[in-house]
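Sharing a structure here in structure tokens format.
Per-chain numbering from 1; labels A, B and C assigned in written order.
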Amino acid sequence: MTSDTARLAGAAAMSTGESLRRIREQRPLVHQITNFVVMNETANATLAIGALPVMAHAPEEVAEMATVAGALVLNIGTLTTEWIDSMVLAGRAANAAAVPVVLDPVGAGATVLRTRSARRILDEVAVAVVRGNAAEVATLAGRPAMIRGVESVGDGDDIGDLAAAAAAALGCTVAVTGPVDAVSDGRATFRVANGDPLLATVTGTGCIASAITGCFAAVNRDQPLRAAVEALVALGVAGEDAALQSRGPGSFHVALYDALYALSPDTIDGRARLTEQ
Amino acid sequence: MTSDTARLAGAAAMSTGESLRRIREQRPLVHQITNFVVMNETANATLAIGALPVMAHAPEEVAEMATVAGALVLNIGTLTTEWIDSMVLAGRAANAAAVPVVLDPVGAGATVLRTRSARRILDEVAVAVVRGNAAEVATLAGRPAMIRGVESVGDGDDIGDLAAAAAAALGCTVAVTGPVDAVSDGRATFRVANGDPLLATVTGTGCIASAITGCFAAVNRDQPLRAAVEALVALGVAGEDAALQSRGPGSFHVALYDALYALSPDTIDGRARLTEQ
Amino acid sequence: MTSDTARLAGAAAMSTGESLRRIREQRPLVHQITNFVVMNETANATLAIGALPVMAHAPEEVAEMATVAGALVLNIGTLTTEWIDSMVLAGRAANAAAVPVVLDPVGAGATVLRTRSARRILDEVAVAVVRGNAAEVATLAGRPAMIRGVESVGDGDDIGDLAAAAAAALGCTVAVTGPVDAVSDGRATFRVANGDPLLATVTGTGCIASAITGCFAAVNRDQPLRAAVEALVALGVAGEDAALQSRGPGSFHVALYDALYALSPDTIDGRARLTEQ
């Protein structure tokens, strides 16, 4: 992956720094209905980048909360039928209020329940961005996938092609994360090569990517492609900074929040390893 | 906020160091029915200060657990109706056993469900201390409040007046936390100016304040005002110590447990920035 | 506890290093139905040692997930009747697929619900390893126990005798953890003296021990005694390494993941403080 950004007509319209500045000024509320494993982590990542997290899943309150939010993030990592019902309720309320919805289909392909639930949400809610690993996205796009639990273990075909095909199939922006990330809305496709291998050693960094996508979507309501790309640039750059402070996954995890908090709107665009495919 | 403690008749009866010593000698059990976001964090804070945490929410066991606890902490951060039912069951059992109850009304004012649930608990359980942010407490006291998700975003009227008014309205001790904290039982009102701005960058530090209030209440069963004030002194001093070891919210979060664990009963009272209003 | 390993006929068959190497090569999936307090922590410990964690508790998917897993870990720390139902479903599916099951009976003895639920799982599922503290294991073995919440507070009779008696009573391998650990299958009994007192200052290190036991069981399917002993050696050695990087429970907790990740298969057997009783 080169860091050549010269030929990027689409990328020229992006500025992670500008969005980051808006997140910190507006402090959008990012409503998250997510899994038990990462609630603390995605809340802290949301706070660190400058937005306000709120976790709320009761059917009596999700519509009310989603309506006033800047973005809604749905994550099926420890799903039950009741939680999926709440996600659909929240998603519809978000749709009615023009609040962008991010879906993280954790483990789609691993069990029938997960695949069906992710599809149900996509059927019943207008999703702005799907953010998943290669196996999860391939499953939703109807392609062969190799998944073990919630980890993608296939070497995968081209990740950019996968993102583009999934975006076309699902009718929304799709972000596929891995050693290199790809984001597509079915027309334009971008690759983000920022990051560090330590990101794969901490549970929930994919979920954190989805939460941060929500933060960027909240300040780019009509530009889900831009939001998804910039979120991955921001997390990737933070991962690079965190790796410099780390002795392993534990210290990397801690340093990641410090790095998200310290991201500079002034320098981040110069550090983006972003290419249009 | 000055650190003048000369005129504090009420404060003279307090000694955070003495209570801290008792917590570490008695190791009280602090039963917490709390939210999914912070369970690990409040458990670790409880352990770090010297008490024993236990999380239990099943209706079949909450009364049994609350009865043998030194304090019960109820936190509605990720509430459902079933969890509130369990909180009420536990709270009544605690009341019957003279176990002090701390309520953290997370997000009261943000949704109808949260406001109603906090009020239901206050109606059905004798609460010793309510610990919340300005917006949550204002909501419960029937005052105007500005809340975004679970974060108080109003600049607020005087926090001491708010605590006193809420204490009078609710008939219990009320602790309002923010850049400066205020605690009142409706007669005496104290301000605690310890702490560090980094506390606001980590999710759940308010919930940690409530858990630590439970620890201090367990060794001051008949003195909820004292317990609430001392808990905020202890957390605030630990926050000051942690900030010295921090590069941002991630490392601050980690250092906070180290600092709670290292708090010295011998020096903490001299560091209290405590004034009576 | 001496580190004399000369007379260990049984221990000669063990090699934590060899198992660790297999975990990192095979990356077994470790399905965990566990408590809300430690989900992130046990997932990260599982990843750090080299295996793949997955948390899934919905009745619709637990059998499917357990069947493809390398091991199943059941932990009743924040149990409800519905979660226990799911644990039994998963456990039976694991049994049918010859997937080893580890049970962590958190708080058995503390409430009727916990004791009954642990016994129900032991009645309805063939468990390979029970991993608990002295009070939990004593409760299940029908011996007197002192427990406060989920912490064992008795000084206890001999931990090796307790492990052996419980193994005989329960018909499976039993690991009792504490300042020194004991593991028995009712015939052979081992003591593991690795570790550091800071392990007791962080919530969920017992749950982490159970998760890591699952990792070792996944690569030693027919040798639960070996798996349980080696898991405690690995965690204990990591705890010793982490303590060198720590200023208190917060930094120890972080360093523990770094240390698990850095464990060397080449040197770990030489560091085992393992004796056969």
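Just so it is clear, contacts are C-beta pairs under 8 Å (C-beta built on N, C-alpha and C of every residue); 3 or more make two chains touch, one makes a residue touch a chain.
All of these numbers come straight from a predicted model, not from anything done at the bench.
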item	value
Turn needed to bring chain B onto chain C - CA fit, degrees, nearest 5	120
Same-residue or different-residue interface between chain A and chain B, half as cut-off	different
Averaged-CA centre spacing for the pair chain B and chain A, given as whole angstrom	34
Per-residue overlap in chain A, given as positions that touch at least 2 other chains	36, 40, 253-254
Of chain A, residues touching chain C in the complex	35-38, 40-41, 77-81, 107, 110-114, 148-151, 153, 201-204, 246-251, 253-254
Touching residues on chain C, where the partner in the complex is chain A	27, 29, 31, 36, 39-40, 43-44, 47-48, 52-58, 60-61, 64-65, 68-69, 245, 253-259, 261-262
